[in-house]
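What follows is chain A paired twice: with chain B in the first complex and chain C in the second.
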Partner chain A sequence: MRLPIAKLIHTAAVLAALAGLYALSVYKHEQRDAQRRAPVSLTPGCADKLQRYGLVADKFYRSPYALERTGAARMARAYGPEDVRAIQRGCNIVDDTQGELAKTSIERWNASRFIRGSHASCDHCHQSIGDKQDTAGNPLKGSLSLGASWVMADMYDRFTGLLLPFELRQMQCFINSSNGYKPNISDDLIRDVTAYSRFLSAALDLRIANHYDEQGIDEIAASATFKQGDDYVRGEALFKQKCAVCHGPQAQGQVVDGRVFAPALAGPNAWNMQSRNYFYYVSTILPGFICRNMPLGQENTLTNQECRDIAYFISNLPRPAGDKQGPLMALQQQLLMNVIPPLVRATEHVTAPQTPAPLQESEQ
Partner chain B sequence: MRRGGAPARVAVVAGFVLFAHLGSGVPAFRANVRAEPGWERFRAEYGISHFGDDGHFVRAVQNGYNLVFFTGKYASRFTRRTSADAVNSCSSCHTVEDLAYSFVNSDRFDPKAGQRLSFEDQVRRCYAASLDGVVPTVYDPAVRDIRLLARAVAHHLQLGEGALAGKE
Partner chain C sequence: MKALALRWGALVRTHGLGFNTHLVVGLTLALVTLPQAVAFSVTLAGVPPHFGIYAAIWGVLFCALLNPSPVFHGGPNTAMSAAVGVILLPIAPPFGAEYMGFALTLGLMTGLIQLLFWLVRPLGRMLDLMSEPVINGMICGIGLFLIFKSLTTFGGLPLNTQVEWPLWIAGQSLLAVLEVGNPYAIEIGLITLATSVVMQQFGRLRSWAILGGIAAGTLYAEWLNRRYGLGTTLVEQIGNLSAIRPFLPSVPTFSQEVMHDIVAIVPGAVTLALLGLFQTVAALRRMSRKAGGFADSRGAIFSDAVTNCALPFLSSLPSCASFNRMWLVHKLGIHSRITIAASAVLLLLLVLFFAPVIAIIPMPAMAAIIMLLGANMLKWEDVKPHLANRREAVVFIGAFLAVLFLDLFGAVLVGCLLAIAYSKWEQAHPNISLHGDVLKIRGNIYYGSLPVIEKVYHQALSATDKLVIDFSQVYYIDPEGMRWLAAARTAGHATFIDRRSGRDRRDHQAVSSEIAQQRRAKHDRRHKVDL
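The block that comes next holds the complex of A and B.
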């Protein structure tokens, strides 16, 4: 009887491939487990913030921030060493999502694999590592605080029609604002950011499901302007005057010494058309963000109409299609992203925008 | 006989679909959750009707209430317990305030499990162990609505992250 050599080789190859996959998964599992137990090297911003908020593995947690501001702080459950490391890692992820300050990408749970571009980072929108305050330590209105967002999670979300858990909201950020992919709900990446956000809520002494002003964005509706209409030309001129020095002439962002100096607002590294930052999807969020956070060092100096004009201009620049726009729109946007920038560069000298026309009347 | 088989099968399926949508009287989407005994008292006690103007949230909390107090009826897929068992619902072991405290103290390291456990993980473990059943996915309303119930009660008690019973 002849041995079925071909069949045996085929079976052996399949078994070897399966064994290889199993060995790889065991290796990855152990690598993650070792990373969970490894001491965390904090970014400078996180070291400062977590020390200020008194994060240590102790018997109880009392918020130094609440103690300083109110003279009393409630006693909360202690954080164990594992919890402290999770919070530290979460802070690092928010501060340095792309892992520019990390030795290895596993330190950030390889977060960059969920982001298509090379610019997006959580703290571009959730500034000051998700906890923006004024010089007196007051949380700023509409500053996208992660702590306030965690206590208000699970509420009905008008954009998705879901009771949106905090973890799913993070996934949306990865898919749309980072124009990327959805991590698993149980991924360490998601869980560590949740741990950090929960810790922020404890440090700031926030209570479950109370609405705080720092949650979300201080949106600017058209009704908050003098209703002159959002204008592309005014927006372009203002952008060149106020924003282009950091974000580049075509809002493609700037990278200095291998690190993102100012993120892209258009082009392949920017948020996509399904993001809430996209003016045509939600027309109030990007203007609100611009007014409250930009230009850096001169926050709150732009008028509501100027913010809406700049947002309108930025959103007209080519950017990736979102996950709901379909392949044709995706193709069109890819084409535009490749054609428009060189075209604008070539014709810039003949289409230089005029100085923006001053607004006729003061805004409401 | 066989030649007429396919159209007959299609007709049966189409007839069933039409009956299900038009003639059965069973709504395709139930906007309201059935009010079980004790719901109105619970709702008044924990101020659920004043929890914003969000009907979706209140319905989910109501479903959470049903799951906690009538687990066998509303999560029968995930438990083998029956009314003959002494422990046959979440409320056999936990009060709603226990759940609220558990919620604000979740996402912590559990030495027994050797890992950090979320509230959802704990609920799923309850289904598997205490309720001798099957583990729902983390997205299942049988898990989510219990979390929403815990969140609503935590709001009423004005708990914060890590709140300890008796130390607020």
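The block that comes next holds the complex of A and C.
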């Protein structure tokens, strides 16, 4: 008689666990629904941008940007209140991925949980909330515009030859460029950023399947240089001269008053070894980014060769391993990231006595 | 025709089962195999359901005809199907024509590698060195892996198309299911799970648990669809089974353009071949022992290899032994390969007539079944004995973690290394005891164990300058061991005694002094002759 009772308890426990799982899923779904319905408190940058582009819930949308520049704008089917909130959330995610400006912890749900480290944010690469322009409002070449990317959505990926939907490309950003976890493709996070990118393309009057200069990177191959080869020593000198002021002497980034002032380019908070920013994976992208977007305020001042040298130097600093490189590589990179920076700091006065006192680096 | 029928009848009679019994048992087996076949191909391997169904028909039939053991049940296998999915995901998008072609190529390469294991006898013999803790550790790891892998399908979420370490993503997948999963899919999955779990508790219903669960899940899904419409519920179904016909020939992809992809999946094919053979050999060993018989594993390797070479030309997934179905065969008391072959034919008839019913089975129900099978692979009764012994526990946990943290190929390699390391470690540590000036060695004297022996020997020599080395329980001495022993003897520190010496001989003399007297007399006579 004892056996059936044990069996009964076992079955009851399993069924109770399943019921608990169901209750939890119902609760979580409701929580998520409440977040979708709640009004969005925009970051200052997003409030400006979305107002400038005239985002309101209406029947039709006519881009103020296109109207101002060309005198004519297409009439497009516009957005319901739900779509407007999705676009606003998407903008918030791109502008403030780490949730530094979020007022409640629930607002930070958006992206920070898919990111390892405390520096990475979408607008570090996709600058000016994914829509970088000069003072006259012209889009800039190689500025990784999200709107121009969206109209190129679902194109074949140059590097793998596979059809790469916009959502999957975003997932790659989360996994590699922010060294994070993979959000499910139907997660709100991915949908919201897609909605925002799509709105940008409408606001900037970009046409689907066209290629624009501001899309992606203005890649710099070795053939576009003086062909001196990529040099670590030149790169290091340039880095100390041009980049270390903001990014720190070992490129570990700077945090001021709890907010990221300049993101890490190496170490645990940086992109990983399978990101396309990594020189050994794709050697043309990081130099292109540096030439067109860095140093902030003095863009396009570095020569192609200098950009390649700096990129080469940065990529030789220890950073996290990629997600497909296996546990051994991950272990090795963890070891390097923990050993090399203190070692360099300790031996700095011996190896480079002439250089000025190193900038105080943040520990965050 | 009549002669054939007579012969068939005779065969059936000699196996002691009536025709009706064959039919009922065959039908049971077919009904148990069908949902597994569909679930494995769709949720794990990423190929349309007919791949699994053909494996369940032709794989079972070929194995039943070729395998030396009459209770052998081949067909689609959980771990192998999961491995197909993991290997091919980086190569092509699942369910596409390209992917299916690569799946067939992978199967053919698997069969050819397995054929190599049959042709090269020592390679086949190596499979026997795979110890139980390694296999059980890998089975437990794969069980956990299956649970994680089916989470997204369970929640009606799209499959993630990139491969990652399963453990890294498991927590995120669970959160995604809870937060953004399709609520209808979750309900269907939970109902399937609950029904199966309850049915599993009753001995009689156990074999029907999977079928019952799927039936409950499908009925609920149908009710939902009637009430809200498929456009609202958006629950994915197995769908089109029009490819099912008695015989569907296919050709594996093999051309110059895709050669780099084919080369890239060669390690995967080795993994798949090993995974299949390990399970076949282990299942054969275990089930033959249970039935009180013995079946040669070489024959099983041959049957697997030939089957897997043929299956890619019949649009089918690779096949190997299935623990759970062989257990069922054993429970049903079948000792005839005819019943198993009949089950394959019955399955073919079943899918030909009931394809529309199979097509409406919801995917979350399939995922729930996979999760259940995964949970059933994690059995405390299988784990517990391995944790009692420390060395075995290390091997078991190593194999378990290897599946979770490395890819399957890495896990197979680690498993082999652990099995070899375990046996070598045992051999390299002979039991050495020192009583007075007698050094007794139990075990092997070879290059691996010599350092251990030498250490004790020299420690003993520091106390006395004369030692007696007792070999009576040494099984094997290699040339290096011989040289060391010879050197020890010439140095004059050691004398040797062999079997049946010392106390053994004295005991023997005490028991039969008469025989001892006779022997002494014989000895004396011989010495006289010599003199």
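As a working rule, the second predicted complex is superposed on the first by the 331 of 364 C-alpha atoms of A that agree within 3 Å, B and C clash if a C-alpha of one lies under 4 Å from a C-alpha of the other, contacts with A are read in each partner's own complex, and residues count from 1 in each chain.
What we mean here is this: a contact is a pair of C-beta atoms (placed from the backbone, for glycine too) under 8 Å apart; a residue touches a chain by one contact, two chains touch by 3 or more.
All figures in this text were calculated on a predicted structure; none of them were measured in a lab.
**Q** Look at where chain B and chain C land on chain A after superposing the complexes, then choose clash or fit.
**A** clash
**Q** Tell me which partner A:L15 touches in the superposition: chain B (first), chain C (second), both or neither.
**A** It touches chain C, and chain B stays clear.
**Q** Quick check for you: in the superposed arrangement, does A:I185 touch first (chain B), second (chain C), both or neither?
**A** both
**Q** In the superposed arrangement, which partner chain does A:E214 touch: chain B (first), chain C (second), both, or neither?
**A** Once the two structures are laid over each other on A, A:E214 reaches no partner at all.
**Q** Counting only touches as set out at the top, which of chain B and chain C does A:E236 meet: first, second, both, neither?
**A** In the superposition, A:E236 contacts neither chain B nor chain C.
**Q** For A:Y79, is the partner it touches chain B (first), chain C (second), both, or none of the two (neither)?
**A** In the superposed model, A:Y79 contacts chain B only, not chain C.
**Q** Which holds for A:D323: it touches chain B only (first), chain C only (second), both, or neither?
**A** In the superposition, A:D323 contacts chain C only.
**Q** Identify the partner contact of A:F199: answer first if only chain B is touched, second if only chain C is, both if each is, neither if none is.
**A** first
**Q** I'd like to know which partner A:D95 touches here: chain B for first, chain C for second, both or neither.
**A** neither
**Q** Which region of chain B runs into chain C, 3-11, 93-101 or 111-119, after the two models are superposed?
**A** Clashes occur only in 3-11.
**Q** Indicate the residue numbers of chain A shared between its chain B interface and its chain C interface, in ascending order.
**A** Residues 163, 185-186 of chain A touch both chain B and chain C.
**Q** Report the residues of chain C in contact with chain A in the complex, numbered from low to high.
**A** For chain C paired with chain A, touching residues are 93, 152, 157-158, 160-165, 168-169, 172-173, 176-181, 183, 186-187, 190, 193-194, 197-198, 201, 405-407, 410.
**Q** Considering the complex alone, what residue numbers of chain A touch chain C?
**A** Spelled out, the residues of chain A in touch with chain C are 7, 10-11, 14-15, 18, 21-22, 24-26, 28-29, 31-32, 114, 162-163, 168, 171, 175, 181-188, 323-324, 326-327.
**Q** Under the definition above, what is the set of chain B residues touching chain A in their complex?
**A** Interface residues on chain B, with respect to chain A: 51-52, 54, 56-57, 60, 103-105, 107-109, 116, 118, 138-139, 144, 147-148, 151-152, 154-155, 158-164, 167-168.
**Q** Within their complex, state which residues of chain A touch chain B.
**A** Within the complex, chain A contacts chain B at residues 61, 74-77, 79-83, 86, 150-151, 154-156, 163, 165, 185-186, 191, 194-195, 198-199, 201-202, 205-210.
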